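Notes to accompany the following structure.
Chain nomenclature is as follows: A, B and C, assigned in order of appearance, with residue numbering initiated at 1 for each chain independently.
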Amino acid sequence: MSQFIAVLVDGIVYSSWLFIIAVGLTLIYGVMKILNIAHGSLYALGAFTSVTLCGLWFNAGLPPMGSYLMLLLSAILVGLVAGPVIERGLLRFMYGKDEVVLVLVTYALFLILEDLIKLIWGVDPLFITGPGGESPYSLLGNFEVAGLTYPNYNLVLIAVAVATGGALAWALARTRSGKLLLAVIHDREVSAALGINVGRIYFVTFTIGAMLAGVGGALTAPTVSVVTGMGAEVIVLAFAVVVIGGLGSLPGAALGALIVGLVRAAAVHYLPEVELFSIYFVMAVVLILRPKGLFSGAEVRKI
Amino acid sequence: MIAKALGTMLTGIALAAIAAAPAVAQQKASVKVGFVTFLSGPASGPFGVPARIAAEAIVESLNAGKAPAPYQIKGIGGLPIELVVIDEAGGATKQVSEYRTLVQRQDVDIVIGYIGSGDCLAIAPVAEELKKLTVLLDCGTPRVFEEGSYKYLFRTRPHATMDAVAATMYLLDNRPAVKRIAGINQNYAYGQDSWNDFEATIQVMKPGVDIVTSQMPKFGAGQYGSEISALHSANADVVHSSLWGGDLEAFMLQAQPRDLFKKSVLVLVAGEPYLHRLPGKIPDGTIVGARGTNGVFAPDSPLKRWLVETYKGKSGGVDPNYPAYSTAQAFLGVKAAWERAAAKKVGSAIPMGAAKNVKEEMEKAYQPPTQEEVIAAFEKSTFDTPSGKVHMTLGKGHQAVTGTAYGTTRLENGVVKVGNIKYYDADRVTPPEGVSSLDWIRSGFKR
Amino acid sequence: MKLDRTSFAILAMGAILLIAGPALPSWMVSMLNVSLCYGTVVLGMMLLMRNGIVSFGHGLYFCLGAYAAGLLDQMLKMPDMLLMVGAAVVVTGVVSAILGLLLAKYRDIFFAMLSLAFSMILYGLLVKTASLGSTDGFNVAAKTVAGFAVAPESQRLMVYSLAVVFATVSAFFLHSYLASHQGRLAGAIKDNELRVEYMGASVMRAVHRNYVISAVLAGIGGALMAVNIGHIDPEMTYWPQSGEFVFVAILSGTGSVFAPLGGALVFEAIRSFAYEYSPNTWQMVLGITMLLVMIFLPGGLWSLFTRKREG
């Protein structure tokens, strides 16, 4: 029983993390039809930026609790700097091209950013730690479930995942911009003809998507050592989550994250040998049963 | 159109061939060493870049003739060393192509490098085919010389079997009561081998121990929440781990606040390079090794002080870790063999009492030794390094053995210190020639 | 079968490469050899792309072909180059015929993702298989060709010649196939599948057939690569490898069967020189090259040769 509870807790924590790293990907795909491999690099950028900013914060001798602000600031910085630069500087010249070409454009971008990160931060693994060993990961204390200790930081992950998902769902369904966005998702050309500024919507979407990738990286940074290549590890995982849920679907990403998270936690506890491919196995099974993922709209056939 | 395309392609090939043809052979002015190490990816931080820094520092110092005895001759045999550094990232397939490039297009004299075991296995037969003296730097797998026999290939550091054997001896010496064993290792060849060796060793040395769980997270997984819960629930006395790099650091960062190590002693077989990086995160009482008497385990000597000093000059004050010691072993092994071959040549060429052709004979004797002569001097040799003496005894004289050491950590004034160090002689922890590691362990360490 | 100009050119290319082999510097033979192995895989990618389909998991067949070749040496002790390629053809043919039944229904990114999932499952299985060396893989040595022993000093040339022959034959047949009735369906499927169905052809069957052909080509490339490199490991089915195939296919363009072969050579040359001259930033060099090609040559490198004629 206690093991089952541990699986649930571990699974939910991991799912929240997965959702945070995957939600930006599904948003960008949903609106722009770009499967953004560079999402992994933006995630890494978020992590590296937060190491730098938290380091500055701690070194200035400021109260450790403020490091959470630095995490948030890193994500916003990544979104506001990298997002517009990439969208205005590169992607906007590529709209209308084949989906696969767009994937490769972001792949090229991913390669470039990987080396850029290396040039800026070097190859040594970095982590966030204050002069007295403080870290946003352990500052909040622990909670206990089923005889196991968990840092409260895990609750932050869960809260951020729920808040992000909720805010996006609310914005899409209830705000004017959200409705315009849905119109663009549904039919880009007609929306443009009706006077919606599609270019602006793409710009804003990509910036928000980049920011969400940054949030993922910034929130991950305190729990890991931030190292080159971390983006590559995450991107396939995020793909799997998004594809299982249905590309471009917000509830899909949530459900996908939950399934993958729980399956992986169960594998680790009960059958560690299969952990390695459990995720891809789930992905294959879901795609075989529901070719376009769990949540997917019907597509218009062209004649 | 097609004819044109074809024409362009073939002309291109021909032009490139002419342009890249090696210059007319000249008098040897330097020893060109191809150095292959991870410059990107997860292995670059803890292993690849320290190895590169060490290589650059060592080459600079050797070229200036600043190394202590017996390495005070400039460069290698008086010839300056020229370094060509290549990234090891990209997998074995690309590394084989790059190796061919190094040897055939760059025309290097010696290749030193390779940290990944897969890369070492893949390079081995190619080195043999291209007949190029190649020294493997750091890879752990015992398979290279257990499965093959090579003339041009050397490995100047011991393989990974002794990690597990010595760790078990140390563990049982210090905590004879252990009953419940768990492991967390990366799910790839090295992680699997490391755990299998450890599991086999402890079952031979202390029959009846319980293996309670073996966690095998994906390489680069980053998130270990579930694994830590599983290890926690397993109530193990000992957690064995060969994690390294970002994975090890992430695991430590996540496990430490969760009190995992209040219950279980941690054994880090590859923990040495992280001691200075993780103060406060490595719990006191952790058992660490460095595959050989490297780093904190290296006995004091002029050579060790030389390495520490030259390395610190290049690294901005950071102490060398064991990949840096491995690099020193490779360069010094080659240098020792080369210079011994040169000395032998001169020694045997002095024409006793001969009056004819003395000048020609002497000139010939002072030519740099051929590759074959260097190899002959390298085989079964023994040489001094910053980590003590290295003996090339396994693999028909091509695979090094050294003793190793384990110790226990404790935090002192914010610095991780290693105490209670125990040294293990090479023949206690390394299988004899011709016996595979796992067979040797299962045979109860028969010699 | 009637021979057009391209068919002759393919055969001529094969003959020239064969004759030139012994005269070229050995590093160039190595580079050409790797490119030919890659090129053979990319020929298959090109066939899929003509159907409007891109696989992000073709490493699956590249790897299966290589392991089929490797196991022939390792387990059955039959290190014959021709048998190895034969084994790769059989294994990849069978596996792709089965998976193809499923995949032929998928399009666009979903096809790409499902093929990715399959390739990653193979990766997981191989990593778990300690007897095959897990991630370290194992060495492969081919010693005979069709039963005849090859002297060690002519081994490299033999391996190279074999790659030339197989790449040439693959290109030749693919070209004939693309010109045939069945092959021409590919372009029609890309344009509009419903119309193809209305014409009375089965889209499913055509896509399935093309998928199997492309998988077999990848298998041949994998077996050739295994013999050429002498070592195989699960990295061959890891996603960046599959991504690289897509990259080379886009770089090359789909205009002619020459495109993948030439594109593979260009890619290999760029990569090799980037490793050599910019060891710390070779990824960046590749990425920038890729962007430049996609921006300025949307039809791939091949469009350099067709542009003038159209203009």
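The rule is simple: a residue touches a chain if its C-beta (ideal position, glycine included) is under 8 Å from a C-beta of that chain, and two chains touch if they have at least 3 such contacts.
Bear in mind that the values here come from a model prediction, so they are computed numbers and not experimental data.
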item	value
Selected pair, greater C-beta contact count between B-C and A-C	B-C
From chain A, the most remote chain by mean C-alpha position	B
Distance from chain C to chain B - Cα centre to Cα centre, in angstrom	35
Geometric centre distance via CA averages, chain C-chain A, whole Å	33
Interface hub residues of chain B, defined as touching at least two other chains	39-40, 187
Set of chain C residues in contact with two or more other chains	127-128, 280, 282-283
Interface hub residues of chain A, defined as touching at least two other chains	114-115, 118, 232, 273, 276
List of chain C residues in touch with chain A within their complex	54, 102, 105-106, 108-110, 112-114, 116-118, 120-121, 123-125, 127-128, 192, 194-195, 239-240, 243, 246-247, 250, 280-284, 286-288, 290-291, 294-295, 298
List of chain C residues in touch with chain B within their complex	5-6, 9, 12-13, 16, 20, 24-28, 30-32, 34, 127-128, 130, 133-139, 141, 152, 155-156, 225, 229-231, 233, 235-236, 238, 241, 256, 258, 262, 265, 268-269, 271-272, 275-276, 279-280, 282-283, 302, 305-306, 309
Residue numbers on chain B that touch chain C, as the complex places them	1-6, 8-10, 13, 16-17, 20-21, 39-40, 85-87, 91-94, 96-98, 100-101, 104-106, 117-118, 121-122, 124-126, 129, 141, 143, 148, 187-190, 192, 196, 219
Sites on chain A touched by chain C in the complex	35, 90, 93-94, 97, 99-101, 103-105, 107-112, 114-116, 118-119, 232, 236, 239-240, 243, 247, 273, 276-277, 280-281, 283-284, 287-288, 291-292, 301-303
Interface residues, chain A side, partner chain B - complex	2-3, 6-7, 9-11, 13-14, 17, 114-115, 118, 122-125, 127, 129, 133, 135, 137-138, 142, 147-151, 154, 220, 222-230, 232-234, 264-265, 268-269, 272-273, 275-276
